[in-house]
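Labels A, B and C are assigned to the chains in the order they are written; within every chain, residues are numbered from 1.
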Amino acid sequence: MKVQTPEGEHVDLLTVNIGPSHPATHGALRAFVALDGEIIRAASTEIGYLHRGFEKMVEQGTYQQVLPYTDRLNYCSAILNNIGFSHTVEKMFEVEVPERATTLRVLLSELSRLIDHQVCIAAAAVDLGALTNYWYLFNPREEVYSIWEKLSGARLTNAFTRIGGLYRDTYEGFETDVRDVLPKIEKGLDDAFKLLEHNRIFIDRTRGVCPITAEQAVSWGWTGPCLRATGVDRDLRKDDPYLSYETYDFQTVIGSTGDTYDRLLVRMYEMRESLSICRQALSRLKPGPVNTADARLSLPGHDKTYHDMEALINQFKLVYEGIRAPAGEFYGSIEAANGELGFFIVSDGTGKPWKIKVRPPCFTQFAAYADLVEGSLVADAIACLSSLNIIAGELDR
Amino acid sequence: MTSQPLGLNQALTPATAEHRKAFETKAFEILSQKFEAAMDPRDRWSLTAIVPGSRLRECVHFLRDDPAMRLDLLLDITAVDYLGYPGHDAARYAVVYNLRSQRFAAHRLRLKVWVEEEDPQVPSIHDFFEIANWQERETWDQYGIDFSGHPDLRRLLNHIEFTGHPLRKDYPVRKRQWLSTNDPLILPLEARLEANGFVVLEHVAVNSPSVEETDLLGKSAVEKINYVEKAK
Amino acid sequence: MGAEATTATLATSAGSLEPPVGALHQDAGLNQTFMTTTIDAVVGWGRKNSLWPFTFGTACCAIEFMALAGSKFDIARFGAEFIRFSPRHSDLLVVAGTITYKQAPILRRIWEQMMEPRWVLSVGACASTGGFYDCYCTLPGIDEVIPVDVYVAGCPPRPEAYLDAIIQLQQKIQDASYMQDRQNRSHERIQIG
């Protein structure tokens, strides 16, 4: 493609597709770039390769049937999405879940956040050629998967929460397992720190690469670790606390320049804070119910259902008609691993949702990608992409 | 409640229900005076202000820049199709803008614009928020709402040979549409080059046989294995 | 050889190459010698123990594939020491994740770029049948566009299920007859030429 540069030179640009069949784990993204040597002069991005019709599918079933779909949004931290959705619907009912459920949700949120950041950092390092971190960070992930398996039956897409609480209480030995896994995650994280934080090659590949200013990031709608890397002190767990996060002692991790190095290091330091929150949550776990007693949300339980007519009818209606959210429009959000994950629910008063729009955090990050990489090298574009932690399931829904 | 917007690198005072209520009362007062806003009864939990499409741009500009409002984070733009909604008495579509502030923790609000089925048009706000570009493209893709003034309104999630707007209530959920060949993306790339100050002298040579058989708007081409006929 | 889309069904029609009545396969006699069965066994053994996967991972199943590549389940002991990221270098196409209509032409092109012998593993409910995304954008199974050797059920399938599928594929590869396939190809060439 022959072009004339702004300076008046005639240059021949090479057009290359980066993606959508892309190495590393980012899956289904496409950037069509015009290269001048190795420098990207223009980039045009395309998404939708994993558009699976979340919004259309959830309109076909009941509110409870939405949960497995939410798992598959950000599939690296499935329980966070479940919690976001359940929490939003519970707020529509203005119902508080019992304390044990709240504490467990915090514990599971932070564990999910940990494993999500592990994937991001491991994949980012692999994209740069640093393969060892992959195993240091993935092996503790396997331990967490064993816990998920025992807890919910599935390793990756758990659908563990229910509207009104959790699927079930924890198994015997859960607290020991979690207490054992936290030092393993910490060891993996420390190893990753030793290999990456002051590593000359890592710094050269990521410092100053694709920076963004705080104002630009806010205009692009960024939230989460990518925004915090630009120096903006915003975290929904602190600013608009939910699930009693205001009672936990943790710090927001903030970067300074908003480049790739900051985005990755913010995640690594956030993992340390998450480990601390996990320990605090574990120490305050007390026995109790995990589901609200509110009959609009929770199933009555087998003994009542088999002996009491009203409970039987309640169970029947909840399962067949679905949980009937009050008619109206509501937006609820949580701080997911990538930023503010929001659900805008339009309800018509029946048990089937009228509309559920997911506000995905990484949509805003990838929208800025073309602007971020123009002017940098192809290798920098890859490093930048992996630092944004784009999960296609969430991006395309 | 803090009356001064905080800098981005300062921590916010956490939002409380009182702060939110106070903000919503004040915001609605101002919006109804300046922009003919009405309260949306469908939102029984927080503030959704219905503004006419003609006042949308001023309203968004005001909400973003006024020091007492500073709703500078556009969370989402989406549309709602009310076809078949029980007891619905207004226009078929509504475009919803979800705004939040990065300067005040308690400032959250939604704007709503009614859009008629016969002329689904709303002014674009892509110049106020960078992210509005993609969010409006997605709303157009899924609902068919035209955002006038948008520089590049084309499909975002569905493929280029897709016809129709799938999230509309009258689009059958299982109506599948095959794609014969991918969008070459040459036109958008050239548009970006031109926006960056380049002048395209000679267009890109298409080497792929499947692209040669397609015109650049992506009309159906017949590839070696013709699986277009498999469309049900 | 993997199961081939029979778009090039050139062989077998008229002529002296038609199999004699009562023959079990195309050329009764040539493939039943000691030499050819040994060659088949050796080639099958070589191929099945050096499967180089190309991970066409799009969604959640790809994360389970990453877990498979980790130390606990270790796909390296099946010969897949390094996951190839080019279809030209690989012989096993692992489709892990939902394939949408937008992605389908690309999947087809990647499969066409692989050289024979090639096999396809359809991992997960979405790749096999579209999963629970029964809607306007999801391909109801990758076998609409490419031929599949082994389907792995699950959402996402456990790494052990992946490995079970790979073991079944290895059995299929071992059972395939290299000499027979070579003969079929030479018949096709004779027919075209």
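FYI, a residue touches a chain if its C-beta (ideal position, glycine included) is under 8 Å from a C-beta of that chain, and two chains touch if they have at least 3 such contacts.
The model shown is predicted, which means the values in this text are computed figures rather than measured ones.
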Of A-C and A-B, the pair with more C-beta contacts is A-B
Find me the chain with the mean Cα position closest to the mean of all the protein Cα atoms on display.
A
Length of the line joining the C-alpha centres of chain B and chain C, rounded to whole Å:
43
Approximate Å spacing (C-alpha centroids) for the pair chain A, chain C:
34
Chain centres from averaged Cα atoms put chain A and chain B apart, in whole Å, by 22
What positions in chain C touch 2 or more of the other chains?
100, 102, 106, 134-137
Any chance you could list the residues of chain A touching two or more other chains?
48, 51, 53, 56-57
Sequence positions of chain B contacting 2 or more other chains
157-159, 166, 173
State the interface residues of chain A toward chain B in the complex, per the touch definition above.
1-6, 10, 13, 15, 30, 32-34, 41-44, 46-48, 51, 53, 55-57, 59-60, 91-92, 214-216, 218-221, 223, 231-234, 238-241, 246, 252, 254, 326-331, 333, 340, 342, 344, 346, 348-349, 354-355, 357, 359, 363-364, 367-368, 370-371, 374, 396-397
Residue numbers on chain B that touch chain C, as the complex places them:
157-159, 166, 171-182, 210, 223, 225, 227, 230
Touch list for chain B against partner chain A, complex:
8-12, 14-15, 40, 42-46, 48, 72-76, 78, 80-81, 85-86, 96, 98, 102, 105-106, 108, 110, 129-131, 133-134, 142, 155-159, 166-167, 173, 183, 185-186, 188-189, 191-193, 196-205
Show me the residue ranges of chain C that touch chain B in the complex, using the header's touch definition.
5, 7, 100-102, 104-106, 108, 134-137, 140, 144-145
So, in the complex, the side of chain A touching chain C is made of residues 20-21, 23, 25, 27-28, 48-53, 56-57, 68-69, 72, 75-76, 119, 134-135, 138-139, 141-142, 145, 155-157, 392-393
